[in-house]
Amino acid sequence: MMWLTLLMAIPIIGTGVIAILPKKNEQAVKQIALTTTLIVLATTLAMATRFQRDNVELQFTEKYSWIPSFGINYALGIDGLSLVLIVMSTILVPVVVLAGWNEPQGGRWSVKNYYVLILVLETMMIGVFAATDLFLFYVIFEAMLIPVYFLIGGYGTGERSGAAVKFLIYSLFGGLLMLAAIIALYVISSSQGGATFDLAALSGLQMSSTTQNLLFLGFFIAFAIKAPLWPLHTWLPDAADSATPGTSVLLLGVLDKVGTFGMIRYCLTLFPEASKTFTPVILVLAVISILYGAILAIGQRDLKRLIAFTSISHFGFITMGIFAMTSQGHSGATLYMFNHGFSTAALFLIGGWMISRRGSSTIADFGGLQRITPVMAWMFFLAGMSSLALPGLSSFVSEFLVLVGTFTRYPVHAVIATFGIVLAALYILIPVQKALHGPTTPGNENLSDLNLREKIAIAPVMAIIVVLGFYPSPLLNVINPAASHVIAQLGFSDPAPSNGGK
Amino acid sequence: MNEVALQVGQTAAPEALLFWILAPLTLIAALGMLLVKKAVHSAILMAFVMIALAIFYIAQGAPFLGIVQIVVYTGAVMMLFLFILMLVGVDSSDSLTETIRGLRPIAITAAVGFGGLMVSLLSRATLGRSAVGVEAANSDGNVEGIAQLLFSTYVWPFEVVSALLITAALGAMVLAHHHRIQERPTQRQLSIDRFRKDSLATAAGLPAPGVFARHNAVDVPALLPDGSPAPASINASLKARGDVLDSSRFELGTVDTSADEEK
Amino acid sequence: MDAANYLYLSALLFTIGAVGVVVRRNAIVVFMCIELMLNAANLSFVTFSRINGDLNGQVVAFFTMVVAACEVVVGLAIIVTIYRSRRSASVDDASLLRR
Amino acid sequence: MMMNSTSIVYLIALPLAGAVILLLAGRRSDKWGHLLATALCASSFFVGLYQLSLMFNRPSQERPVSQKLFEWISVGTFKIDAGLLLDQLSICFVLLITGVGTLIHIYSISYMAHDPHRRRFFAFLNLFIAAMLLLVLGDSYLNLYVGWEGVGLASYLLIGFWNEKPAYATASKKAFVMNRIGDMGLSFAIMIAFATMGTVSFIGVQAAVEQTSTPVLTGIGIMLLVAAIGKSAQFPLQAWLGDAMAGPTPVSALIHAATMVTAGVYLITRSNFIFDAAPTAQLLVVIVGAITLMFGALIGTAKDDIKKALAASTMSQIGYMILCAGLGPVGYAFAIMHLLTHGFFKAGMFLGAGSVMHGMNDEVNMRKYGALRKAMPITFVTFGLGYLAILGIPPFAGFYSKDMIIETAFNAGGSKGIILGIVTLLGAGITAFYMTRVMILTFTGTPRWDEKAQPHESPWLMWLPMAVLAIGSATSGYLLSSNDSLVKWLSPLFESHEEHHELLPPIIVSALALVMVAIGVAIAFLKYSRREIDAVAPKNVSIFTRIAREDLMQDRLNEAVFMRPGQELTKTLVKTDAVIIDGAVRAVGRLTIATGLSLRRVQNGFVRSYAAFILMGALAMIVAIWVVVQ
Amino acid sequence: MSFISPTLDYTLLSPILILLGGALIGVLVEAFISKALRSTTQLTLTIGTLVLSLAQLWKIRNEQSMSAAMGSVVIDGPAILLQASILIIAILSILVIADTDQFTALAAALPGSEEERHSIRTGNQVTEVYPLTLFAISGMMLFPVATDLITLFVALEMLSLPLYLMAGLSRRRRLASQEAALKYFLLGSFSSAFFLFGMAYLYGYSASVTLAGIRESVVGGSGNDVLLLLGMAFLSIGLLFKVGAVPFHAWSPDVYQGAPTPITGFMAAATKVAAFGAMLRIYYTVFANAEWSWSPVISMIAIVTMLFGSFVALAQRDVKRMLAYSSIAHAGFLLSGVIALNKAGLDASIFYLFAYGVATVGAFAIVTLVRDSSGEVTDLNRWRGLGKRSPWVASAFAGFLLAFAGIPLTSGFIGKFSIFSAAYESGAKGVVFAGILSSAVAAFFYIRVIVLMFFTDPIQDGTSIEIPSVLTRFSIIFSILVTIALGVFPAPLLSFITTLATFIR
């Protein structure tokens, strides 16, 4: 059964249905969109149950010739890493649809367009994680920019068009560098027994170390822009500031993961030697991202920008985990991707509700929400706790795994990065104090608490945050084989306990 | 010319004499084309160059081309040029001062560099085969030889060129052909119209353009007694071209009488 | 006397024609300079025809003349049209299109 | 092989269930929430008692039991089970936490009766109990870490319970952040342990200690100490504790006196195997303890806020425990003993303070008290018993535990022993001074009440727990030390290589201590009992008093060293990000456009220029050919 | 010396002959059909001719011949492909050209004269554009298949002369339009003079005017290379001028802007195919063995062209000028296909030419639709909020722009990818890198237009979207469909090209 193609097709079918609906009938459009995303979710979960978790090979593979002259295939397949990210994406989309029920109203275009964009984006999100053909991956990687661009520019607030352009230009620039590297890979592959874009075949190519280093950089810079790594991050705060909360969730929660996903799937597998060469630099950048993102988050006055900067810090952790080259670091990073999706989703969605109710995103405009809108306030608090990686909540497991995994090989980096957890306490508790605590600020008195729809939307996110904090095994069991496979392929094994040299 | 490779063998002395007399003259004429102010002089010089070239053609065993050059080029094409020059104004002359900044040095550099390098390069060229001379090819007669090629080997481009000629004719027609909009009124008709039409306001003729005291060019409207400009005083096609000066400048404002008061 | 001399002459005439296009402002003179360049090329063709000992070069020169004639028709028509609209044959006056 | 148990988890599950139910049920549980919470806490206490009884019935080596719940994290060799470990040490804590916890639940029913959010308060209390139990029951450092941060969270929530007051909200944030600094130490310890030993469970680490080099152990030890410093408000991370008094008084009693703040002591005693093998770390522990002991005591002398005075005292008393725990195998048991007795008497006193505040319209300034003895006799008695206990007057609890510590300090040997002995003795004296001051200012002398104040005794729901704790304060010392019962109970856990080098005989130490106490009490009487107390704190006081009132400048120091530079750094970086990094990006954009604009000028509209381009292009080509031909 | 009677293979030449025949009939139509019927007749005739020619081309798609016209014309795979591209682009363009509102009512009338007004009133039309276009198309068809220098030169002039004329036929801004014609004409003849001069040297070098003869000399020539190098350089100038490569590009922004927009679209798309077609043939077959000499120069030009086009496009405020610079940049990209000098490069170039041509026609067709009361609005600032007023038109335009920018799932991406990979394969890494860099810059201005259309609010200045005629609409829809289809399923076309595209020598 073509599970992955089916997954990608369902949203497209939904798009078709929405397209034939009259523009006026917004409710029907929304309901169809929600139903479609829920069907996708159900199908994903059905697929996930059939996933053989100890099998490190790609599963649910499909392969059809697409452009034979270049050896390009429509090839899909997933391993634990992709599965986890696909599951995350398909959970987040219905949540976003439900949570942002009234979001598209403020847009430049119709509600219908909004959901068409969202559904198209969902197809691409599944495709980008499932692609096992480099060309297919790149096509989706770039094409994804377009719906997001229109989502930010068309339905955002404030300086939305500027932010959308900045996002697009940044991403396109990275994408073009990657294209150069892809072209080089293609040419090299065709000189070594047949042009191909098959991931497995490409990873066996012979390259001089200079070539490998250059190509690695081409890929890595593209991914580092996506998963914003210092100093390529400046598009993110602007984009998050302007986008609707729902878009921000998809942008930070899913799209940016393509960056970190790509680092594992493409940078490490295709260029093992170059990965090793660049590891020291990347780790330093990751550590800078962690601290820099955190410090800047502390310095923000705007709630959305603050959340964006926390994500920069979190992506620093993920990158660090990936390049620590230990199974703990890798599994932790993958798990972190999943968890970050939900904690950021929670922060953005609840923050978005706060902002839309108050009509301002300046933190100082809030105050005393805990008494006016207790449910919303406590949900925000819980999301914040997840973001600062409180033990017992999901992010802790991943963050700690990353730190431990890094420490065993790169103790200094891990130690410096750990200071991030103190900064995390500050960047979460400062907005909590200003927005939720303290006396009620004038203008807030009549804010309404979450309604039933919003509660239903946020409930699964919260549940995942709490449950995975205590019981991450189901996910880890899926992630571990894939993670150790990558590590082993690179020729790394976890450092043995050193006993301090005794 | 020392080891130059393009050895064709020494040609007959008369040809050399012809060349050394005519070639400098040709060059001078060509240079003159650039340096004379009047376009018509350029055209005359150009005609001279063409005739000189025709002579060279004949000298080099291409009598047919030489004749065509004189008949078609000098006779037809150059005459067309002159014809158009007449149309445009035979006295029209260029100022030779350069108005585009930086172009003069570029032109001089290009002239010197291009010419010098071309000569230098040609002097280095070798062919690696000996020159043949056109006598053998002309054995059946130059015209016949050319005809042979034209109507067998090059029949396709020859046919296609006809399309080119049609294009040119069509193009010239598109750009030049006027449709007769209406019957041109006869003198008689005009005269009748002048007096028998709607009003007699213009029976004495339209006002002449220009204001003597301030500005008397044809593109300046005359002023009516109330000081406002008279639109009818301007030629319609000037108006259509937008070449009319803004008439408001010439409206009578408050008359400056300060000088009078002083007295 | 070397046939190559014709080639030098041709090159120089071509150069003069090319420079003329750049320095002259009257559209008709500019166009004549272009004709000069074509003629220079023809001279080369005829000379090479002699060196190579075949008539192909002469045929090319013949074609060139025909083509040049067509070009002249079209070109002069354009120049006349623009002169009629603008009352000027200076190429420098035709510089509306720049931004 | 350790015995398995299936019932340990209920200790945690019961209060946790309470917290979850109360939080999710929301307002619907307002009516019965506090009762449920109290009941669940109490049942947890009874489970604890049941476990104790089971333990008694087993021979001492088989007493520890464990329970594996599920596999929590497993990646490569990093395998952490959600596992619990109940041994002689943790059961002490379990009983203290649930016992004192239950009493404080009961107390709070009445104390918080008029608060609209009482239910939430109880939910947080239950959450705290659950987290604290997880802290002491976790079988690995990582499990402990979960509880460790969990109590931090509960503490944060409870300190900030009345967060509509900005100062309280700030206090809670401060507590959390400073705790996190300590937590970072714990993270480091865990990371080092995993990297060097490959395990982070207590048993595993204990087994691996022998193969591990001393520098590593010292590192782990120091990092654990950092954790303890943060959680137990030791020098230099002590500043949050005073502010933490912003929380409701029962919270101060439970979390910031009896249980959470002593978690540092638990961590050090739990990690005895590491510290035993890392003398440098151990020495640092002692030094930190000694400094904090004096630090807290000195602050205590200057505080007019009854809760802050008690908080300072807590800090100081925990300093005693930490010091003692740093003295190695001989000290662990005594540290625990003091911890337990302190739990009783300090909780009792805090509840007493709460009772006083309850009767005095939430007034905390002792200068506005006076002569409350008659108005609230029960409070006076229970507080008084606690007072006697903390002073170390025989036969009250403090006498046994504190004397042991002083004795152990003297016995530490060499100049270290002498210094530590003197410090602990001095501390005892100062403690006597400031506690007597508290007693005098609060209960004796003339009333300095506000007009509106109508002091009255608290209802029985409040005084009953106070009474129970007072009884504990009076008797627990004797019960725990008779027959060395606690020491023997704990001894299987601690490697004891007894090396007694008694500097002074116990009796002399006791005598010295009592003399110091007497001196302290006497000075306090002389200073506060014989003349009128100002209702407003006098301004023209010595520099020392002023420094002491400012908590020995700790906040100013933090502000100057960390906060200000931190804020500056943040501001600078925010600016840098906008101006330099984003600026560079924008500059590239602008440069691109500028390049386009300047190149556009080439297109000047003149056909002759265009022809010149072509000619120049041709010239360039010819030049290239010429170069090639050369 | 006896006369060899010439033989022409009329089947193979039929596509071109049909066009010439159609054009001649068109001329007759001008003479004999009444004004009222003329424009319909011409349109039908022209489309019929083009379709017939295309059908004929399809029939001979697998033919190969060097001697179709006494060795003047070669018919091979690339020839068929290029001719087909030109024809398809021509059909699309004709549909847009059919919107006669773009053309002056009477070219001979003075701008603003009573005569002109009268012509407009009476609905007079310059229907001569149809035969002129057909002549231009025949020239374009001939250009890439010519195998001797004479045919090459004649074809070059034949495609140019009608374009010179048509550039001056705009209905609005006639002075600018005439200026465009003058500039195009002067510079065009200037560059053909270079072309001719280059031919002379090649003839001198090889003693042959056929490409095959020149090739032989290049492969096994005995003299030195001076004449070859000069010949190549001057010939290249002519070709590079036609494709609009820097520094021979300067005509294109002015001419694109001044010419009637449908002609601009036709010219930008079809001329490029023809010129690159000829260039590919010449470089791949004739000059291939002298690669050492021209490759660095062309690489240099390609790099400069890409960068210059992209950077200057950024600074444009007029949509037609912007597209002109964009086409300059694309000429640079296409040159990398010439540099590649391998099969992949040939395939990629042909694909790119077709994809780019179709998108270009579509883009310019859309430009014709944005008007105010006085005609087309090409000022970008007045395109603000177009997405709001007519989302479909704006979306289609955005689609073309994205294709130009080379965003995946558009034909532009596949084209860019294939051409760059071919260039990379041949070792021209610098060119590829410059291409990537300039693509990044180019993305800037394409996106700027999209932002203008979609993310800014419309200004009320009377700019409106003309409801497209059925023909224009068809052209646009077809173009956008092809653009997307070639982005998503390029395989059929690519493999078709791969099987066919081999130069025979």
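Going by the order they are written in, the chains are A, B, C, D and E; count residues from 1 in each one.
Criterion: a residue touches a chain if its C-beta (ideal position, glycine included) is under 8 Å from a C-beta of that chain, and two chains touch if they have at least 3 such contacts.
Given the structure is predicted, the values throughout are model-derived calculations rather than measurements.
Enquirer: Which chains does chain A share as contact partners with chain E?
Expert: D
Enquirer: Between what two chains do the most C-beta pairs come into contact?
Expert: Chains B-C share more contact pairs than any other pair.
Enquirer: Please flag the chain sitting at the greatest distance from chain B, going by CA centroids.
Expert: D
Enquirer: Nearest chain to the global Cα centroid?
Expert: Per-chain C-alpha centroids ranked by distance to the global centroid put A first.
Enquirer: Using mean CA coordinates as chain centres, what's the gap between chain A and chain B in Å?
Expert: Result: the chain centres lie 69 Å from each other.
Enquirer: From the C-alpha centre of chain B to that of chain D, how far is it in Å?
Expert: Each chain's C-alpha centroid was found; their separation is 99 Å.
Enquirer: How many Å are there between the centre of chain D and the centre of chain E, using C-alpha atoms for each centre?
Expert: Once rounded, the distance between the two centres reads 79 Å.
Enquirer: So the centre of each chain is just the mean of its C-alpha atoms; given that, what is the distance between chain A and chain C in Å?
Expert: Inter-chain centre distance comes to 65 Å.
Enquirer: Among the residues of chain D, pick out those that touch two or more other chains and give their numbers.
Expert: Correct list: 589, 600, 603-609, 611-612, 615-616, 618, 622, 625, 629.
Enquirer: Residues of chain E touching 2+ other chains?
Expert: Correct list: 107-108, 110-111, 150, 154, 157, 161, 164-165, 168, 182-183, 186, 190, 194, 204, 207, 224, 226, 230, 253-254, 316, 444.
Enquirer: What residues in chain B touch two or more of the other chains?
Expert: Answer for chain B, listing residues that touch two or more other chains: 100, 103, 106-107, 110, 114, 118, 121-122, 124, 127, 145, 148, 154, 157, 161, 164, 167-168, 171, 175-176, 241.
Enquirer: Please list, in label order, each pair of chains that touches.
Expert: Touching chain pairs, listed by label, come out as A-D, A-E, B-C, B-D, B-E, C-D, C-E, D-E.
Enquirer: Touching residues of chain C toward chain E in the complex: what are they?
Expert: On the chain C side, the touching residues are 7, 10, 14, 17-18, 21, 27, 30-31, 34, 37-38, 40-41, 44-45, 47-49, 51-54, 56-57, 59-60, 63-64, 67, 70-71, 74-75, 77-79, 81-82, 84-86, 91, 94-99.
Enquirer: Would you tell me which residues of chain D are touching chain A in their complex?
Expert: Listed in rising order, the residues are 23, 70-78, 82, 142, 145-146, 148-150, 153, 156, 160, 163-166, 169-170, 173, 176-177, 180-181, 183-184, 187-188, 190-192, 194-199, 208, 211-217, 569-571, 573-574, 577, 581-582, 585, 589.
Enquirer: Residue numbers of chain E touching chain A in their complex, please.
Expert: 347, 387-388, 391, 402, 405, 407-409, 413-414, 416-418, 420-421, 424-425, 432-433, 436-437, 439-440, 443-444, 447-448, 451, 454-456, 489-491, 494-495, 498
Enquirer: Show which residues of chain C lie in contact with chain D when the two form their complex.
Expert: So the residues of chain C touching chain D come out as 18-19, 21-23, 25, 30, 91-92, 94-99.
Enquirer: Any idea which chain A residues touch chain E in the complex?
Expert: Of all residues in chain A, those touching chain E are 65-70, 108-109, 138-143, 145-146, 150, 153-154, 160-161, 164-165, 168-169, 172-173, 176-177, 179-180, 182-184, 186-187, 190-191.
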